[in-house]
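Report on one structure; see the data block that follows.
Going in written order, the chains are labelled A, B, C and D, and every chain counts its residues from 1.
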Amino acid sequence: MPTMLMPTMLTSLLAETAALPAVGEDAFSGFVRLLTVFLLAMWVGFEVITKVPQRLHTPLTSGSNAISGVTAVGALVVTASLASTAGTVLGFLATTFAMVNVVGGFVVTARMLQMFNPKKK
Amino acid sequence: MTSHAWINLAYLAASMLFIVAFKLMSGPRTAGRGNAIGAAGMAIAILAACFDPKVTGAVAANGAWPLILIGAAATIGGSIGATMALRYPMTGMPQMVALLNGFGGAASALVAGAELASTVAAAGGESASAAAQASLAPWSQFGIATALTGLIGGLTLFGSLMAFGKLEELKQFKKAWTDPKRHWINAGLAIAMVALLVAVCMAPERQFFFWLLVAVGCTLGCTLTLPIGGADMPVVICLLNSYSGLAAAAAGFVIDNSVLVIAGSLVGASGLILTAIMCEAMNRSLVGVLFGGLGTVAIADGDDVYAGKIKSAAAEEIAMILEGADRVVIVPGYGLAVAQAQHAVRELSDVLEARGCEVEFAIHPVAGRMPGHMNVLLAEADVAYEKLREMDDINPTFAETDVAIVIGANDVVNPAARTDPSSPIAGMPILDVDKARTVVVVKRSLSPGFAGIPNPLFAADNTLMYFADGKKAILDLTAAIQTG
Amino acid sequence: MTSHAWINLAYLAASMLFIVAFKLMSGPRTAGRGNAIGAAGMAIAILAACFDPKVTGAVAANGAWPLILIGAAATIGGSIGATMALRYPMTGMPQMVALLNGFGGAASALVAGAELASTVAAAGGESASAAAQASLAPWSQFGIATALTGLIGGLTLFGSLMAFGKLEELKQFKKAWTDPKRHWINAGLAIAMVALLVAVCMAPERQFFFWLLVAVGCTLGCTLTLPIGGADMPVVICLLNSYSGLAAAAAGFVIDNSVLVIAGSLVGASGLILTAIMCEAMNRSLVGVLFGGLGTVAIADGDDVYAGKIKSAAAEEIAMILEGADRVVIVPGYGLAVAQAQHAVRELSDVLEARGCEVEFAIHPVAGRMPGHMNVLLAEADVAYEKLREMDDINPTFAETDVAIVIGANDVVNPAARTDPSSPIAGMPILDVDKARTVVVVKRSLSPGFAGIPNPLFAADNTLMYFADGKKAILDLTAAIQTG
Amino acid sequence: MPTMLMPTMLTSLLAETAALPAVGEDAFSGFVRLLTVFLLAMWVGFEVITKVPQRLHTPLTSGSNAISGVTAVGALVVTASLASTAGTVLGFLATTFAMVNVVGGFVVTARMLQMFNPKKK
């Protein structure tokens, strides 16, 4: 009876799967983990930002721009780890650029937002 | 991977602070706090990075050197950033944001390059590290992420620089680049990009491919941005903002760090959303903005439109009209920012109100050069928030308005958007000032606005042109009312 | 940890489908699709689980046995679930949801127990596994998560069973348990709970502690739920729903599986939000609901309130009043569900409308025994969605309403909520039917509603009581109108 | 000069940190990763659900209830891995309960939602 074949086939399919080599398993699992985080964070971003009032677009753009300077974290680590001369030099540049972005971004946003603040004087 | 868990906990805390920051920044009352919380999150993330095992290891081996290096870079970068942010005039905010954004993209691309250089160094030599060698395997996460970071980072940098040039109105960028050859150039670049992406993914250790890919990204940043008309620049900036976030997220995959991934994808998502919202406000499709430019529509010549129909008036005449007005609506545009006339306008509205006249401000969503531009300027001049009315809100009231004073606005009050389907701004929602009993337009000449097209409003029967610099015009007008 | 990466990818896909499902389920038009997508996500997750290396390993070693086992369990569980879902009457949905919810909590607790048993077995014996031993170390993630899963799971199970009993109106649950001794009992249980939590975290391998902790959780589920008045049950169900999600998330930490963590925390978050929204709709604080019960407020006796003021009427009399009415508002309540009168009511409204009368339905947010209860019932009877008006919407219109027909509603139209600050429902927003010209109340007796308090509305001058079973009453009334 | 002490102190602090044993590092890092996912997903949940219309509360509750039956995944694995008798028996029960929840939840939600559907006949 062909219907009886189904479980048998499934059993042998699963049993064979167990024998597959787990090549590159850890690296790829790590990728899936980061991908999970990426997708969840994208979703949070979409949800949080929809329906910002128009007049906040400029400060929001510059504020989020400052946050994208988080790449400073990577820049710092690669610079300070002194792993290679080229890496350190490039890292130094990266750190500088990233810090321009971070500091400039937060300060300019604060400056803009202060103008919305009625109690500024 | 090899980091103490509490550093990861600090990164997690920073990530959550970033989310809170975004949440708060999207509410008018809480935006300031949101910005501060974002900065706090950044401080935590950066501090935690200093305790990364790679850093502590280098400090243990080399003493204070690594710290001095990053301290120097941070100081230099931080002071440049702070100076720019504090010095740049408020009217130039859009350019400033574009520039900062470019730097963020550049930083991500450089991080990828630096990581690649260090990894290649670690994979070779005597004490060759197996982990570094695994990273350099074909189609590894490291390789793919490095390639993408370099590409997006380069594209962001040069795209932002072009946007900066256009917004700063540097003369090199005055005209959109509409040479039809550009499609062939872009196609060539796209092919090169794909080939190099594959090459970097297959052989990450060949750093030459990586830098070539970055160069292609940079070139694409130029060729894709240059054809886009200046009027569409805010959309482009938002999109580039999104890209800089995605570049940071990709850098997070390079160094396997979730705070970069989270913060980067938040920025990426918010940039995309803002882009969409903005396209909607300008009634354009995103694809149209990215690939259309302003097109080759035949633009009516100003002389034909205006011929013999322009009525111009002086301060005294306008002051007399205003004396009889019960309701006045002020419509600011980019010229207000150029003339820095916000304080003068505020004074004018105070004077009018003191005489019992109702004054409101009509804010078009894309007036100025950046969304919210007018709000920022008028808030700076302490105009009460309730008086700033949004387009959909105030449009029905123009019919009952005695005088609409248009100050340095042009495209956002151009009735051609409503009436002429072949106009480049056709379909863009506009402020219906032409419905007001009298329209006073303050500008220096008959020259067109950002979209480069003539404005039939100036030739309308109920329109009076008041040719002068915005600030001077308003000050004179106020004086005329007070003496009159 | 040791799972093929593509299984993780499948889990990730399932997680994303769950998010999409939630997103769609919160819009009226898309809810059905959302439910289907949730089910698809679940199917993917369950299928992926069958390829887990632990399962494939067991199949390789033991043949089809493991598959037969889980197939049998899934078949049994699935058929019970499907039968319950298809057979249970629509009026009993709230109870049904409570019951299913309890099963989810039980499943999570049992998963934790099963994992613990298997891990203890793997850590001992000849082929002792180092990973299993590490899991059983004091304060390991495994130990802490196991303890929390057991506790929350047990609490969810018994809390849900109690809620089921109350909503099913089993007579054992008729009265809220308000013995003041309960505070001592709860304090004792709380101490035991903390002690056992610590014990399980320190020595997970002592399974006895774990099961004792589960037992304490179960007991707490009873003692915390029993004092809560039936009127607050929907809030409790939402909260328990949230707990079942958190239990699943905790189970995800036990087995280190992100799909459990994501789906569980989505449910946890949505349950909390719904709880908050519902508390707001009933104008109660969450803390008040959880620890207050209905308190010991002196409740006015019905006899005093009603004495000699009740006017009762028959179908013919009411039909005559309705004939002169231009606007009729129908206010359904729990009695509508009990009497299954939704189709009869729909017919009545058709008949009235055919005679040129305007008919609308006023839906109180907590009418019935579950939020949205009335909407479901009336939608079943094909009442047009536009005619179902929400409370805030319709309240101002009662003053212009000729006849308000209250069918099986009581607490939600009790003016004591507005007027008597000592009433147990004081402050709850109600439907202002008493403002209508004439109020007709259809119910079987003067017995109180869910909150157990008398209703001054019944004694009001403009109120006519129409004592009968809801369905029969409406059918008679419709007949009377048609013949009259 | 005391201000000069700062960098020195920081240097030695960081250098010492490097020498700390990385005890339980992997396990705890794994925990932080799951915690990240947990918090992000909670946030998504909060954002997605706020402002559900009242009339969808019942189907939403029962639908989310069905999704909480995802614990079936854990139940299946622990049952089918046959790692211990007690584990298998408990797992069998867990699978049964979870499947009641999953199937019952989705079916009952579908049944409820069908009533909102005007084209049901």
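Throughout what follows, a residue touches a chain if its C-beta (ideal position, glycine included) is under 8 Å from a C-beta of that chain, and two chains touch if they have at least 3 such contacts.
Quick caveat, the model's predicted, so the values are computed rather than measured.
*Asks:* Would you identify the chain whose Cα-based centre sits farthest away from the centre of chain A?
*Replies:* Chain centre farthest from chain A's centre: C.
*Asks:* What whole-number Å value describes the gap between the mean CA coordinates of chain B and chain D?
*Replies:* The answer is 38 Å.
*Asks:* Between chain A and chain B, what distance separates the C-alpha centroids? Give it in angstrom.
*Replies:* That pair's centroid distance is 21 Å.
*Asks:* Could you pull out the residues of chain C that touch at least 2 other chains?
*Replies:* As it turns out, chain C has residues touching two or more other chains at 15, 19, 50, 55, 57, 59, 67, 258, 262.
*Asks:* If a residue has to touch 2 or more other chains to count, which residues of chain D qualify?
*Replies:* 28, 31, 33, 36-37, 39-41, 43-44, 48
*Asks:* Strictly by the criterion at the top, what is the full list of touching chain pairs?
*Replies:* Every pair of chains in contact is listed here: A-B, A-C, A-D, B-D, C-D.
*Asks:* Across the complex, what residues on chain B touch chain A?
*Replies:* Residue positions touching the partner: 1, 11, 14-15, 18-19, 21-23, 25-28, 31-32, 34-36, 38-39, 41-42, 45-46, 48-50, 52, 54-55, 57-59, 62, 65-67, 69-70, 72-74, 76-82, 84-86, 88, 90, 93-94, 96-97, 100-101, 103-104, 106-108, 110-111, 113-115, 117-122, 134, 140-141, 237-238, 241, 244-245, 247-249, 251-274, 277-278, 281, 363, 365, 370-373, 375-376, 379-380, 382, 384-385, 388, 390.
*Asks:* Help me check something: in the complex, which residues belonging to chain D touch chain C?
*Replies:* 27-28, 30-31, 34, 37-39, 41-46, 48-84, 86-118
*Asks:* Which of the residues in chain C come into contact with chain A in the complex?
*Replies:* Spelled out, the residues of chain C in touch with chain A are 2-5, 8-9, 12, 15-16, 19, 50-51, 53, 55-57, 59-60, 63-64, 67-68, 71, 258, 262.
*Asks:* So in the complex, the part of chain D that touches chain B is made up of which residues?
*Replies:* Chain D reaches chain B through residues 7-8, 10-11, 14-15, 17-20, 22, 24-25, 28-29, 31-33, 35-36, 39-40, 43.
*Asks:* Can you tell me which positions in chain A touch chain D when the two form their complex?
*Replies:* 33, 36-37, 40-41, 43-44, 47-48
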